[in-house]
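Note that the chains are named A, B, C, D and E in the order they appear, and that numbering of residues resets to 1 at the start of each chain.
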Amino acid sequence: MPLLKISDLKVNYGAIEAVKGISFEVPEKSIVTLIGANGAGKSTTLRTIAGLVKPVSGTIEFKGEDITAKDPALIVSRGITLVPEGRKIFPDLTVLENLKIGAYLRKDNLDDDLNWIYDLFPRLKERTWQMGGTLSGGEQQMLAVARALMSRPKLMMMDEPSLGLAPMIVRDIFDIIREINRQGITILLIEQNANMALQTADIGYVLETGRITLTGSGKDLLTNEAVKAAYLGT
Amino acid sequence: GKEKTGGDTAGDVIKIGVFEPSSGDNGAGGKQEILGIEYAHSKVNTIDIGGKTYKIELKIVDNESSNDKAPTAAATLVGEKCSVVVGSYGSGVSIAASSVFGNAGIPVIGASCTNPQVTEGNSHYFRICYLDPFQGTVLANFAVDNFNAKTAYILTKLGDDYSVGLGNYFKEAFVGLGGTVVEESFQEGNSDFTAFITSAINSGADVIFAPTSTEAASLIIGQATAMNIDIPLLAGDTWDSSVILDAASGSNQEIYVSTFFDEGDDSAAGSEFVQGFKAWLNANPDKLANNGGNDIVAAVSALGYDAYMVAIEAIKKAGSSNPADIMGALPTTTYTGVTGDIAFDDIGDAIRNVAYIKSANTADASWNFVAIQSIK
Amino acid sequence: MSSNIMLQVENVTMQFGGVIAVDNLSIDVYEDEIVALIGPNGAGKTTTFNCITGVYEPTNGCIKYRGEVIVSNYPQGKMKKQYLGKNNGLYSKVINPTPDQITILGIARTFQNIRLFKNLSVFENVLIAKHLRAKQNVFTATFRLNYREERRMREECMALLEEQSLLNLKDAPAGSLPYGLQRRLEISRALATDPKLLLLDEPAAGMNPQETQELAEFIRQIKEKYKLTILLIEHHMDLVMQISERIYVQDFGKLIATGTPEEIQKNQRVIDAYLGVAEDAFA
Amino acid sequence: MDKKIKIIIYAALLVALFALLFILEQILPSYSMLFTVLKKGAIYALVAVSMNLLNGFTGLFSLGQAGFMLIGAYTYGIFTIPTEARSAVYQYFDGGIINFTVPVVVALVMAGVAAAIFAYIIGLPVLRLKSDYLAIATLGFAEIIRAVFQWKTLGPVTNGSNLLRLYPTFKSVLFPFAVSGICIAIIVLLINSSYGRAFKAIRDDEIAAEAMGINLAKHKRLAFTISSFFAGVGGALLAMYQTTIQASAFKSAMTYEILLIVVIGGLGSVTGSCISSFLFIAASEWWLRFLDETTYIGSFKVPLLNPGFRKVVFSIIIMIVVLFYRRGIMGNKEFSLDPIAKQFKKRFRRRKEVVGSNEQ
Amino acid sequence: MEFINTYLPYILAGISVGGQYALIAIGYTMVYGILRLINFAHGDIFMAAGFMMVYLSASMPLYISIPLVIILTVILGFLVERIAYRPLRTAPRMSIMISAIGVSYLLQNCAWYLTSGLPKQYPKIPWISASVSIGASTTTVVTLITPILTIVLIVALVLLIKHTKIGMAMRAVSRDFETSQCMGIKINSVIGITFIIGSFLAAIGSLLYFTNYSTVTPISGAMPGLKAFVAAVFGGIGSVPGAVVGAFLIGICENILKIKELDMTTFSDAFTFALLIIILIAKPTGLFGEKITDKV
């Protein structure tokens, strides 16, 4: 059984059909990537899974449980978190508070998790007391990932984590993604940087104007001529 | 209003408009005035003209104490084809709506609006109460006569023509009698009067004259009580309300008001009205609530009663329900009401030369009659 | 060469509280050039643009446009004591124009996070950019005494949209456009102000490699067509290396390197601070 | 659609409207509530549109409308009270210090100009503020204006706390319609001009607007001043309608009322503001009045109907409209003949085609 | 001494009024901080609390009616949020504000309808209604305990916001609904709690205020509401300490202006606004307001 199973999902914003019936699966402990042009509906798909947008039709199953259109808080409690597009860290909470709020639904002791996070992101440890808003772009992106990890997710969804980041940081982020995945967390990744994404991913889906048009392993898609022409620019 | 009671056809009905506030700043007083009118209507609700009996219907409309709503409210009454209109509590709305009635040729009888400008130059506007210049002078005289006052502190509400106007007339008279005055005014919505009371004390005032609405009044009284001052408070007709008694009850604050009517009046007409009105109020919980939950007779209720009766008298005299005829009849209409004899001068104002002065009995929350004051 | 110099940023320092976002930066841009400004996140690139376009008043330094000083400031007021940068005392003139004055001079820009008038149509977005050069006042405009001017503005905008192949979308609300077209519209809107110098802030952000490729072509085209000089900020190295003639690299506000794309790619300081392992960046 | 035809159609509609009003005035009695609502509605429409120019089209959240109306109303009153009536009006101030009158139309323009001048002056500092801060500052200015006009020291000019009255008023509903109509037409022209586009740009994104070469300070001040001009004219019309002027009527409650009209009509929709102002006035002052009357059906007393109930119902209606029509009646669209005309054309064309095919 | 005797009452009145404004102002500021909504109905909730006390105390002893008033007010505040604001969560800001104005109208009109608009005498609460003398001036106990109680409540509130989990959630929600939801925060509950706290403080404020001023009318909430709102803006809307400082400043200023010798009474309200405008022009987001920097 896949960890996450999307069947025939349709999402509208008013009259705009953003997602027009897509189905895909995310196996446990894998890295899955969605690539596609701007406005293809990638972010919308993730937001729907997270419960932020209600779909018109279709189902979302997580570990066999139907979580379609459930309250975001419930979805988080089941083990799905979203690292939103554009970092969205809380600027006037400290780094520590940002991390704590990531674990909002948890009632147990957070010390172990904090140590784990600080191991993963030594940069954040130095800045525990700094306000989130004063971090640099790359640091904010790390914080956003770390914050999501604090809920001890089973599935982590990331929406364009490399957007607007310097090449060096982009690489760091992908290293971290692989590292987190090694530790057993399933990743659903959206990327414009299709090269990096497909290199990292086990499975890739290509989304075009609200529909999935291609599926394959990351390596396969990297060499697919259509993908090359449309997304890789070579 | 689509109300139709019984099966009357329009031909048998004479409509009397009631142009009063039942909301807004003057809503409380307006309602009490309406009660007097309604009571009068309950006593006299038919009229014989030319051998035919007409049923009298009241058309009550809320002018919301607001000058910009008043013309619309007045237009409603005109639209209802009222023969004559009674109202309003509050001079501002009366002036604002005056031209609507004037243009439609409908006579209006003001019950308690005391501003001279209501009738001045308006041949269709009549009034049965005394005027602010008179009232102000009466109170000034009273202050000098009773307290031997040399200094008066006058507190008025900014932007309120009644308050400022009456304050002005009081000042003129008081200064004319050789006193000095200290004047201050407060703004709308002010709720802390301690500073004003303090300055009254510091100015060495012998009396405080505060012609204000009842809302401000209860705040002033409450705070004066808390400060334990021993300067008497004087005010005009608006203070003649159970609200004032409520506010003052249990304190030892001296409060004097000038008014149109005394509940304790033991003349036959007066006591009959008081008893009848109380019984009527007590029989009807809604009405009692509109009176503030008690059966104390407000002077404006008495005036409302009289104004209605004057209207009836005028209709009878005119022998017609035609507004123009009634307007023609009004200047010569006379009537002996519960507030005294009523006759109009050539401006349309009632000819009156006395006012009642009452004081608040703070022990049992009632009014004590003090004097009938006239002008020197 | 200096006869046709377009923009000179001289010793510009921008300090926010205790943070120096731009530190004594000097940049020259010559006519007909495409110059890139790169650097790690938070290096102060956007802030530099904001200083040039009048959004921020630099704390110290001056900026010249075609040889004329358009922005100039020195540490003063509260900043007098707090100032942490260099060159205090070098300048004594204060010129702090508002952004609209800069635009009128002929410098147009786009924004890092697209700032279109989302509720207005594509056509109106472009038409608004014509407002500044129209000969009219409220009175003539209201009573349509400016109808010739208005017609000219509309015709020019139609022509521009036609060229940018946005004409078929002219009545669509700008906010409803796909992301890539929004970027293009933002550039078109900037072009409608008749600029000589165009500042582009991360035009390729959020684009995939293919779209980035198309963007590079587009930038080249408009440069030729409108005889523009272009200064751009970008993190997509393939785009930068492909179209820019010279590159400035900024880190912690300071200029750390400048040169041709080839020179920059080999520069060890740039690799350490920004590119990381050189080959990877161009994978 | 052909622009010329469009103009002709709109002009024809306008003429028809005025003709209808004229006929109505001949056949209905002058005291009909309909006229009251039409008069006040027309005036509120103007004021609401002027507020919409600021709040809906320029994105400046201003709550100073009542203050500017006050200035307009007083300016009109002060300069039009006939000299012979002045001693009666200014009875506490020896007839006041202004001893001349100007014609009504001139006074209306003066009312607008006075409000505009004032707006220009306070706009200099205040327009630098953003959103809610601007709102509270303008609200504050309106309160200050009110206090100043009630100030005794200015009594010889403003009559202090007392009423202004006896100035020329209007009888026919055509007058407010004509004046408001002209003013609204000018505002519409402005909104659709290059400057109107600049205002909308500022509303959507100030920073981008500035980058497009739009001088924020200048354009905001322009919108503020023009809006206040029309608010001033609206205030003067209101004064004519009310026949008396008193500063205490121009409270913040009046501004809120106008804001309600604007939002219910749809922010950024001129026709919305107009429609909703008529509906608002009609509902609040006419249609619901029966709710205030204690009513008996036979001898059964209809429950709840007591003075004050009308306002309760009215506020509930407002809440329902706000909750279920969140973008207002018209959203940010305008009423237009285009869709109707298109329908018409389509049918026309089809018929032509049918005719054409028959001929073949 | 002469000086103190003359002016002490003004200052005492100022501090007391300031405290009451502060309690109301916090409600504005909290709601604004989290929803960016000027909750115009807040002053009317305060007024409604006053009427509840009038009616409840008539039929039950104070030790029951006071807690009951507080509970009912809190429920009222919560319901207003539930019915009038929650459905508009995604609507344009202006609609929510109009909804707030609508609620304010509704509450006032209901109060009118139910009370006939007559001013109601507020019950005397023993001990805090009592008079005390300070120097030569007389005042009530409530004048003295208001500032103390205000400060205590506010310290508690600040601690709650700064150091508890729910406080952290409030700060997070105030920044970004969507991301907060992604963290598992139920924004509706957090907003509900904000209204509950705001209404609670308004209820306490109304107890103090009406004990001091003795009369309740349907528009009793309007002016204190407006003043408190001004105070909140003055201090920088969204900032709790700012609201408190603003409230005390305004309370004291407007009372000092009533000193006869200054001859400024006519303009005491106008002056409050003038002061506000001056502050805003110098500091466009109030004394403690966060600077709105549009990151370009």
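Basically, contacts are C-beta pairs under 8 Å (C-beta built on N, C-alpha and C of every residue); 3 or more make two chains touch, one makes a residue touch a chain.
All values derive from a computational prediction rather than experimental measurement.
Visitor: In the chain contact graph, what is the shortest path length, in steps, from chain C to chain D?
Guide: Tracing touching chains, the least step count from chain C to chain D comes to 1.
Visitor: Starting at chain B, how many touching-chain steps does it take at least to reach chain E?
Guide: 1
Visitor: Using the touch definition from the top, list the chains contacting both chain C and chain E.
Guide: Touching chain C as well as chain E, we find A, D.
Visitor: I want to compare two interfaces, D-E and A-E. Which one has more contacting C-beta pairs?
Guide: Answer to which pair has more contacts is D-E.
Visitor: Specify the chain most distant from chain D by Cα centroid.
Guide: Max centre-to-centre separation from chain D belongs to A.
Visitor: Measure off the straight-line distance from the CA centroid of chain B to the CA centroid of chain C, and report it in whole Å.
Guide: Those two chain centres are 73 Å apart.
Visitor: Roughly how many whole angstrom separate the Cα centroids of chain B and chain D?
Guide: 35
Visitor: From the mean C-alpha coordinate of chain A to that of chain D, what's the distance rounded to whole Å?
Guide: Distance between chain centres: 51 Å.
Visitor: Using mean C-alpha positions as chain centres, tell me how far chain A is from chain C in Å, no decimals.
Guide: Each chain's C-alpha centroid was found; their separation is 32 Å.
Visitor: Of all residues in chain B, which are in touch with two or more distinct other chains?
Guide: If we look for residues of chain B contacting two or more partner chains, we find 22-23, 27, 31, 158, 185, 187-188, 290.
Visitor: I need the residues of chain E touching at least two other chains; which ones are they?
Guide: 112, 116-117, 226, 266, 269-270, 296
Visitor: At least two partner chains per residue is the criterion; list those residues in chain D.
Guide: Chain D, residues with two or more chain partners: 147, 150, 152, 207, 306-308, 311.
Visitor: Spell out the part of chain B that touches chain E in their complex, as residue ranges.
Guide: Residue list for chain B touching chain E: 22-24, 27-28, 31, 158, 182, 184-192, 194-196, 198-199, 202-203, 214-215, 218-219, 222-223, 226-228, 243, 246-247, 289-290, 292-293.
Visitor: In the complex, go through chain D and note every residue touching chain C.
Guide: Per the stated touch rule, the residues are 186, 189-190, 193-195, 197-198, 200-201, 204-205, 207-217, 222, 226, 332.
Visitor: Along chain E, where are the residues that touch chain B in the complex?
Guide: Counting only chain E, the residues touching chain B are 6, 9-10, 13, 17, 112, 116-119, 121, 129, 131, 137-140, 209, 212-215, 217, 219-220, 222-224, 226, 255, 258-260, 265-266, 268-270.
Visitor: Where on chain A is chain C touching in the complex?
Guide: Touching chain C: residues 16, 35, 37-39, 136-138, 160, 163-169, 171, 192-196, 229-234 of chain A.
Visitor: Which of the residues in chain D end up touching chain E in this complex?
Guide: My answer: residues 55, 125-126, 128-130, 132-133, 135-137, 139-141, 143-144, 147-148, 150-152, 206-207, 252, 256, 259-260, 263-264, 267, 306-309, 311-312, 314-316, 318-319, 322-323, 326-328.
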